[in-house]
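Labels run A, B, C, D and E following the written order; every chain starts at residue 1.
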Amino acid sequence: MVNGINLALQFLDSFAFIVLAAAGLAIIFGIMGVINLAHGEFILIGAYTATLAVTQLGLPLVVAMVAGGLVTGLFGILTERVIISGAWPNWVSQRTLGRDIIEPLYDRLADSMVATFGLSLILTQGTRIAYGNSIDGLSTPFGPIEYGAFSYSTYRIVLAGVSIGLLVATYYLFTRTDFGMRARATIQDKETAQAMGVNTERMYMLTFGIGSALAGLTGALFAPVVTMRPTLGDQFLVESFVAVVVGGPSVVLGTALSGGVLGAILAVFSNLYGTFIGRIALLVAALVALRFLPDGITGFIEQLRKRRQESE
Amino acid sequence: MMLELDSVTAAYDTTPILRDVDLSVEEGEIVGVMGKNGVGKTTLLKTVMGLLEPSNGAIRYNGTDLTTTSADERARAGIGYIPQGRDVFPKLTVEQNIKMGETIRSDSDETLYDQIYEYFPVLEERASQEAGTLSGGQQQMLAIGRALVSNPDLLLLDEPSEGIQPSIVDQISQDMQTINEDLGTTILFVEQNLGVIREMADRCYAMERGTVVDELGPSTIADEDAIAEYLAV
Amino acid sequence: MSTDTAHGEANSSLPSRLRSRFEGPNTIGDSRGFWVGFLVAVAALAVYPLFGDRSQLSLFMVLALLGLSLSVVWGYSGVLSFGQVVFFGIGAYTFGVVSINYATPGGITAAVIAGIVGGGVSAAILGYFMFYGGVRDVYVTIITLVSTIVLHTFMAQTAGSEWAIGEAALGGFNGMPDIPLLTLGVGGASYQFIYNPFPMRIIGIGAVEISPFYYLVLTLLVGAYLGLRALVNSDYGRVMVAVREDEDRTEMFGYNVTRVKFVVFTLGGALAGLSGVLYAARNVYIDPTVFSLLFATLPVIWVSLGGRKSLLGAVVATLGVEYLRISMAGELALVLLGTLLLVTILVLPGGFVPWVHQQIVEARLGPGEAGGADAPDASSEVSD
Amino acid sequence: SAGEGGTSTDTASSAETLKIGVLEDQSGNFALVGDPKAKASMLAIEEINANGGIDGKQIETFQRDPQSDNQRYQELTRTAINEENVDALWAGYSSATREAIRPIIDRNEQLYFYTTQYEGGVCDEFTFAVGPTARQQLGIVLPYLVEEFGPDIYTIAADYNFGQLSADWVKVLANENDANVLGEEFIPLSESSFGSTINRIQEADPDFVMSMLVGANHTSFYEQKASAGLDIPIGTSTAMAQGYEHRRLDAPAMANIYAGVNYMEEVPTESNTGDGGFVDRYFEMYPDAPYLNEEAETNYFSTYMYKKAVEQAGTTEQPEVIDALESGIELGTEEAPEAPEGETIRLDGATHHVDHHMWIMRADEEHNVEAVENRQIPETFLSETAGCNLPENPEQTQYTPVDYYEEAE
Amino acid sequence: MSDTETESDIDSLGPNVRQTAAELATGDRTETLLQTDGLVKQFGGFTATDDVDFSVAEGELRCLIGPNGAGKSTLLNLITGSYEATDGSIYYNGHDITDLDPHERISRGISMKFQVPSVYGDLSVRENVRLPVQQFADGEERRRLVAEAIEAAGLTGYEDVDAGQLSHGQQQQLEIGMAAALEPDLLLLDEPVAGLDVAEREAIAERITRLNEEQGIAFVVIEHDTDFVANIAEEVTVLHNGEVFREGPIEEIESDPEVQRIYLGGES
């Protein structure tokens, strides 16, 4: 019954979905510690930008998608300055009231959740007011590939490739470059990073912007395959948080691994037992993983590695 | 004058801590700050570093007014800082922590690495260990190494000997002097360890309740009992 | 706690000794003024329904119990649970299932208890699974979140006739209909609280009908609030707060941190279960939207806005936010609500109630001494 | 006119005015399908008021946005009944919403119109479920597809009450039409990836697919099956007519989809698409509205049914109005544009359901929609199978096919 | 606290509970309180403690010294259960406690002051101190013990200050105060005077000695301040590369050339 190619393609599909859903969040939540409940709406911005860029401006799809990422990145920077760090309102209030009015949301997990929940309401409803309950969608490029009695959307396979590319780039950026090191240092200890000459404000801004841009790119990439509506971000939210947390402390690597593990479970169970069981299996697998790997997948791998070294 | 504090007052939120601090450090000097717990020594260094904005007074560095300059700009202007309680970046590796120091300034020098590894061989051995898992003393060594690698013109040290084994404490005092002589690094440091103060300091300020109450010259510093009095009273 | 006051101040009156049970550094409002205000507020809530039908308030008060459950679990013990709605929903469904199957006064009363126990037991199971497995911090949050989503997905598809427990069909996405009217007691000695308006004549107002359910909920809410106040100001409460502040350190004082979290989580589950029972009873209906992401987020919003470390904050913010959510109308309603949440949390990071408290303290002390607002005020220092 | 909030006085049932409550989603999950409902209600009310109202009384409205949130629905329903004293209430898109407020409706003996196409079976003395039922919608489209393409069916449906019961109806109807269901699959409402579903359809190789997918997540199915190259006729009771996918999605995602509906904007009756017809009037009032959907028309004609009933009863007192409605209101094409010239639709007093005029609407490669068949289909499940007779036997039940058909097990 | 109270009041320290401990202290001191048996702790491939046999007698005051990274803190963390041993066993009062949870060990009378102060930053000094005290004292007695512990920590006047606002050295003092307030039989102090000024060092040395002598509390003290160690220690254990390197009376250790080479340095 199980067709190997089907299974493989579905795995790629689930993997791409989970990884792309989580890509921006891996940075904003995983690295910066901001629970961004507006993550779905960042994806929405990317999706709408890309779609409107094609349908209204007539831009080529690829250009429109990049624009989706960029616009969302800029929006992210704006969000960071105005809400998350409160830098701009504070700049104003310093000059008028002589004191800060906003305490940055960094290190305030739950407060960041409330604030971004508010932001998500504003963005969803704002989109609805501006563009109505739906906008015309794009069609999926590339057409199908066929094998035997079956066929599959080529674009979905391309997405898997793109997701891997994005992960590698993000991983490289945050672990192998000076920028990444400074960004992580800033988040671990802002004061000391400043004393190390890091312009921490710029680091926060850029890191948040990059995370947002990734979310926007995800939206842009999925624009042809999801329905264009103000609440389209909802479908990404749960998977993204689960993937990042199940991934554990090495965020980017962890996201890739949890995308792999959870994607495989989703693909196998959906394939064998249908979509409902697939979804439940994904969630239950996440529960079990969190319970038995209390430090996530990468934490577990790290432990294994250590234990092996110990026994040598 | 390399560093000059002119009646600096600083506060955490609304609680005033530093009151009218006057202090100066000449280029090439090694100046100590001492005082009992809680008198404001750390606050003083933080204010110099720019981590705390003075509510009053002025800070001048090489003649330019730094009072409202941000900490990272001061770092790039050549002020290095070793915070109290280590404050290494726990999730970065030892090597990355040192690299953080290196990237501060463009003129930092690769050969400084060798020198740092020579002072603290353990840092080379543990280059890829996460800094948060180092022992207390090792973290302190890392904090020192990380500051040195940026080749600062003015180095601020907050209790550098805390938690370090005696033999290395001696070594650190000597190394600091070497650095001071070889590279011309000016040093302003806080210490509780009498030996270190005596060994290193050219001059020393004594603090009480948020303000500088006395300045000790070389002769006083040489006198063990006199210092002990300042620290004990 | 009151033992030392007995030693100390000879003139400690009964009210002040009573008060000391409910006071301490873990709650705000330890002054006589606060308690006077509290009594006035309760009295106002008690007479409020006399001035027209405002049945929504009973819903808000039911939800305030849910808010309180998160306040103890998260605000006081540091366990950020996204799953209070799980226990709420399980409490509600349990009440529904049991009461449908045993639709006598005794049966319905038992169903209420079953709902509370259901909330508590499910919290105990999930809590055991997590805390005794070493799950901490954000991992707890995500496990509870995922549990919520699992239940939502699962319950939504229980429409078929195979999904019935005895007489009670779970009803899938469309929910569980035919929940009996809440009646407490046994046989003849019972009283129906829902749809049983109580006619009264009040001088100056005339004939009014009041809802016994409203007063039941008000009583339970005041009771829960006072009970939790006593809890968080007890020795056990101090340990809860210590666990919130630093688990490892608290373990090093010989406290069984895992058990503290487990116990508080279970208690929170039971309270959420009670809230769910009342919710299902009030609406004579329950459906899986109680497990939705939106609903799961609300308790966190209430508690954050009201003030995480304040029980009163949880209650006040639940009433306020829910009132706004229901009554705001128009295209811009959601935009305004979002803006309100955003601005409030940014400008009042500690929450609304602690902010008000600080304003009052500052006004009383004068601005010069405002810095001391955080410190527990003098009256609390005689306790312990 | 269509403004928010509505006017509110306690004396709604005074001589000059009567009050109608309209609670339809204009934000949240179901806004796309709910918003046209609210608009069409307002259109009907505006027309009626312009023509002298109901029995000389102007209609006031209590209109709020429940935001697709059942808890809001419950509270707003209570407000509408207890504080606004509405004379009749239109509320809710999803069946879940209907069930959430029905206890409140029944408790308060409130006249209530539920206007969504739905799974069927609600037999409730105070509820008038005037949208088409699964049996009516599938009842027209399924036999047609069996005839056209062959007997092998694969069912995909949303994994909740509506979808599951609709799938049961597919089995019942397949049995009645000598067709067979090769497989069925239920998809959680939150799902938006259909790779494995598409593969399973390909594996089963049916003659056509019956799709009862619901909501915006599921809309993705059509684009995804197109890009995966799954090219198969699809019958549906949910797509196009409610969420106008043929307008929103790029062609040819909806090609070869056959919707069994009582109404779509494209339904080719003169009173609908003709000059000054329903479509014209709607877009004149709402020039920016995207589409006039199935449910909107149901809100529209049911408002006129209510008008007729009040006029017949000579009062807005709800028991009398209900009696009048139960006497069997009939509307012609002017007020019920789904019915072609000369035909009528009829409210069945015994069941509170409507004998609709049903259409099969097919989208082609360019997403042009045409009617391929139409006829009146009475609601027979409640009347004939379940024996629902509300005037005789007032009840508040929902009947399901499992209780009457072996195939539905 | 009234101003008339002076340091001599410290002498009147000690409720009844403590007197029993003090009586114990005058008795036989050779009874082993703590014993580790072949204790190994590995982090990945790195062995932090290697087959350590370490014992503390009842009422003993033992210092633990050794180079940075020798494994001293690791050993204490193994004893309290903060770290799980890779191999070996720990006995306390004759019972094997290797598999007990930290809180169970603490309840048996072990208490620890961490190397890095970890006071409850958002709670007042008073609340911090109440936490250990409330376990065994109520009412009037609790109040007295809390006040005494705060005074002994030199934090009188800071009762209502949030602990997070104390200076580094003040936090150290509070940290020690809390550990001692548990009234343990064995008190583990990891660098108790690091960062303290000279006066505080003396006060703490005095306090440790007094608690040890008067109440019979056994101590393991890690410290790099040699003067301080010389001042308080009877017996010293030197750890090096995770192994017990030397063990003996302080005078012997100080003059051991090998210890000077690896640890003390030059002419110490």
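Observations on the structure shown:
Keep in mind that, in the parts below, a contact is a pair of C-beta atoms (placed from the backbone, for glycine too) under 8 Å apart; a residue touches a chain by one contact, two chains touch by 3 or more.
For reference, the UniProt names are A = Urea ABC transporter, permease protein UrtB; B = Urea ABC transporter ATP-binding protein; C = Urea ABC transporter permease; E = Branched-chain amino acid ABC transporter ATP-binding protein.
These numbers were taken from a predicted model, which means no experiment stands behind them.
On a Cα centroid basis, the chain most remote from subunit E in this structure is D. Set side by side, C-E and A-D show the greater C-beta contact count at A-D. Comparing the centres of all chains, each the average of its CA atoms, the largest separation from subunit B belongs to D. Centre-to-centre spacing of subunit A and subunit B amounts to 41 Å, using the average Cα coordinate of each chain. Here the CA centre of subunit D is 76 Å from the CA centre of subunit E. For subunit D, the set of residues touching two or more other chains reads 27, 159, 186, 188, 190. For subunit A, the set of residues touching two or more other chains reads 124-125, 234, 276, 279.
In subunit E, the positions touching at least two other chains are 43. Subunit A meets subunit B in the complex at residues 178, 181-182, 184-185, 188-189, 191-200, 249. Residues of subunit D that touch subunit C (Urea ABC transporter permease) in their complex: 4-5, 26-27, 64-65, 67, 69-72, 74-76, 78-79, 82-83, 94-96, 98-100, 102-104, 107, 159-162, 164-165, 186, 188-190, 398, 400, 402.
In the complex of the two chains, the subunit E residues touching subunit A come out as 42-45, 86.
Within the complex, the subunit B residues that touch subunit A are 49-51, 70-72, 75-76, 80-81, 83, 87-92, 96, 99-101, 103-105, 146, 150.
Across the complex, subunit E is touched by residues 12, 15, 35-38, 42, 84-85, 122, 133-138, 140-141, 159, 162-171, 192-194, 228, 231-233 of subunit B.
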